[in-house]
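When the chains are written out, they are named A, B and C in that same order, and each has its own residue count from 1.
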Amino acid sequence: MNHLQLVLSGLFVGSFYALVALGYSMVYGIIKLLNFAHGDLYMLGAFAGFIVLSVGAGALGGGFIALIAIMIVAMIATGGFGMLLERVAYRPLRSAPRLSVLITAVGASFALEYGIAVGFGPTPEVYPIGVQDGTLHIANAQITYAQLAMMAIAVTLMVALDTIVRKTRSGRAMRAISQDPKACLLMGVNVDRVISRTFFIGSALAGAAGVMAGAYYGKIDFLMGFIIGLKAFTAAVIGGIGNLRGAVLGAIVLGLLESFGGAYLGSEWRDVFAFCFLILFLTVRPTGLLGERVTERV
Amino acid sequence: MSKGKVLLEVRDMAVSFGGVRAVDGLTFSVHEGEVLSVIGPNGAGKTSAFNCITGFYKPSRGSVTFDGTDITGKRPAVIAASGIARTFQNLRLFGDLTVLDNVRAGMHVRIRQNFLDAMLHTPRYWRGEDTAAEETHRWLDFVGMAYDRTTQIRNLPYGEQRRVEIARALARRPRMLLLDEPAAGLNHGEKDQLLDLMRRIAALGIAVVLIEHDMGLVMEVSERIVVLSYGREIADGTPAAIRSNPAVIEAYLGAEDEETRAEAERIAAEAGSRGTAEVEW
Amino acid sequence: MNDESTLRAGEKPSAYVSAVEEHTSVNTAPALKGAGISASSRSAIGGGISRFLASRWLGLGAAIAALALPLISSSTYVIQIAVDALIFVMLAVGLNIVVGYCGLLDLGYAAFFAIGAYTSGLLSTQFGWPLIATVPVVVVAAIVGGLLIGGPTLRLRSDYLAIVTLGFGEIIRITANNLDFTGGPNGLYGIPDFGDFGLRADIALYWITAVVVIAAVLFSSRLGRGRIGRAWRFVREDEDAAEAMGIHTYRVKFAAYIAGAIFGGVAGVLFAAHQTAISPPSFNFLWSALILMAVVLGGMASTPGVVVGALVISLLPELLRDAENWRYLLFGLLLIVFMIFRPQGLLPARTGEPGRRGRRAQEGAS
């Protein structure tokens, strides 16, 4: 068993999970909503990139510059859609029972999946961009340049997000709202706008991951967000849901676990392994690696 | 003036939240059938103490003994089943359910019925349900709930909801009832009815422990008053003794501020003559 | 004394904050006034319909109609889709216990359906057990599955349960797909039925299914009205208040989850007998989602609503063939629209007092 190879592929998969998990965790942290449709926003991002590529394939050419350009367009589109989703489906229910909001999120997920299935047909689409492949050898393991580049993009986005949340005014507003939305409202923070912005950023990150997945795997379909949504949630829980650095940590841990688990148990058991781990984690340490114990007051 | 034997004994209880010691070495006891008020400035730890006693917070130190049994850190349901019922500061009723169903919640642990009884509607099922329905009405009559009892609780006016919450707690047939600011938001007439209701509850032999800011009400109804400040007991005695206790006035207002101290003395005097204005300290 | 003032601010929120809080509180009458008027006029109509639907005569009529169906039309096609619809009704009333009564969102309900179908399929095809003999084992298997998932997650916040059950659904499906003795992706085939009792085989199965499902509907409705059903509702409405009344909320949630699991498992046996062949794709997330939609659209905690919801969702494909994706898109959008504008569903649960108790209650009130 080539352990270094397993580590590298674990890190690669983990960086995808991280981009999706971040949005999950951000939204949860700020309005305590499990956005089931988050994985589908990742799928939507892949399709947004697909549309851009299909329309402007000639003008853009191939290569990473094109990929990044497409990614930016897809991020804006997905982010915008995330905002719309919050505005239309979640905001009217902000003071409704938790169950109603969860069910709405399931409905949104369903509508997104089958909306795409209606628009593009249920069969997978071939992504019309491939990334040129060269391979970098490290000791006895290898990693493609495409993988490296995508990891670099993912890391850049994560660092950017971390900076936004820690350094900017709206980042401060986000952290404040996650502590106490009512107090923020009273202090004159435009809570609605900050929540919208959170949805935009979270969805845009998922969209970026979608485009990367499309370019890397070469195929996209309307259900591609389902499993990754579950995985991203698992990553967020492992790291401590609501904690952004935790989400990245959890995603890397999950990527590595899957990589090793898949190698030792057989790749067909990878998903089962990951979900069993989720259940185990919730039993043993529901607050996650970096989460704090919270006493809920009566 | 204490009557009966000790029912609840709280010893050196403490709990803190993120460095704030809400309750800090609290010791006090409640005797069978007495009416005891717990007063103190906001933030003195009254509600936190209630929550520790009823199991909603786990005390980090100390012990709670009820009727000779140690109930420290037990699950709220277990503590409730052992004979302590409570109401909440901000009403916690089952909003979508009917008045009757809300009160039946209090009887849950006493109704004997298993899955098969419910599925097959055995005679035991009907016996249980009929007795429960009758008793529900009796408790609602007891608290003077005159509205339609088959409507959803959320459609009732606030004062009626307060009554239903007390009826629900009574339906638990507790030996001790903890009331957390039952007069908050009530008008004059309703407060008088509440006073009467508390006396009738005590007459049933149920110990009543009251957290309340309305000093008029407290002085009128209590046999004994426990004063908390910074999570500790600073005074314990009859209403008359508490009213003239300088430590109490000090705790409420601090010593520096002349003007507010004068205000406190005025309020204390007014409370003595059963003033009904709600005092926000 | 700065400390004191911060403490005060901590315990008692300012009037403004209280005002904001009141706006969201379920118990506060003024906040409801605006919405209350339109809600009550709407529920007057819905309430009338659901009172009619909840009447014991209508339930009896529906049961008789279901039993009489083969006498009215015995075409293989009609019997076929009627069995499908009845099984779906059973799944919906089972999930209604978990979601409707107890307020726990289970997104992997098909897992219990799969456990039931596979357990009875395996025992009957590999070990030659008669199908009826597999039922106790199915019940035990469903309970074990419920313990494994419910045990850790029912202690946590309710939204964790939703996603864990979603994962559980996938675990069961993928496991069935990967293992050899479950037939892998091909699944199991040649599952026997319960016997034909001298009737046409599909009609015999229809009657057995009808009897089981009618019993299931009756039992779930009665459970919902009894002591445990009230406890489920208390937990759904306010866990802390339920605990304060001596209700062990963890056990109560467990009871709901396990009861739902048993309903799902037994429905799985009927499904295996009906299909004679089962394979992993029959138990994917789509199934779980459709069952949930039947419960939500019909009316959570309302037995007539859930039954009607299940019939609509299971019979709709027969009317709208070749529009599968459109249909699912519509379901998704309907879920959102319902949660925003009519969370109580098409035929909401009644809030009054049922049956014998109702009359007594009215006397008491006057």
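We adopt the following convention: a residue touches a chain if its C-beta (ideal position, glycine included) is under 8 Å from a C-beta of that chain, and two chains touch if they have at least 3 such contacts.
Computed from a predicted model, the values in this text were never measured in an experiment.
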| item | value |
| --- | --- |
| Chain occupying the middle, per Cα centroid | C |
| Longest centre-to-centre distance from chain C, chain (CA-based) | B |
| Chain pair whose interface holds the most contacting C-beta pairs | B-C |
| Centre-to-centre distance between chain B and chain A (centres being mean Cα positions), rounded to whole Å | 48 |
| Where chain B and chain C are represented by their mean Cα positions, the distance between them in whole Å | 38 |
| Separation of chain A from chain C, taking each centre as the mean of its C-alpha atoms, in whole Å | 31 |
| Interface hub residues of chain A, defined as touching at least two other chains | 298 |
| Where chain B touches two or more other chains, by residue | 47, 56, 88 |
| Chain C: positions in contact with at least two other chains | 21, 240 |
| Touching residues (chain side chain B, partner chain C) in the complex | 20, 41-43, 47, 54-56, 75-78, 80-81, 85-86, 88, 90-98, 100-101, 104-106, 108-109, 111, 113, 115, 117-121, 125-126, 128-130, 133-134, 137, 140, 148-158, 161, 168-169, 172, 254, 256 |
| Touch list for chain A against partner chain C, complex | 34, 36, 88-89, 92-93, 95-104, 106-115, 117-118, 122, 182-183, 185-186, 226-227, 230, 233-234, 237, 266, 268-269, 271-272, 275-276, 278-279, 282-283, 286, 298 |
| Touch list for chain C against partner chain B, complex | 1, 4, 7-8, 10-12, 21, 25-29, 32, 36, 40, 218-219, 222-223, 225-231, 233-234, 237-238, 240-249, 259, 351-353, 356-358, 360-362, 364-365 |
| Complex contacts: residues of chain C adjacent to chain A | 14, 16-17, 20-21, 23-24, 99, 103, 105, 107, 149, 151-153, 156, 158-160, 162-164, 166-168, 170-171, 174-175, 177-178, 236, 240, 285, 289, 292, 296, 325-326, 328-329, 331-336, 339-340, 343 |
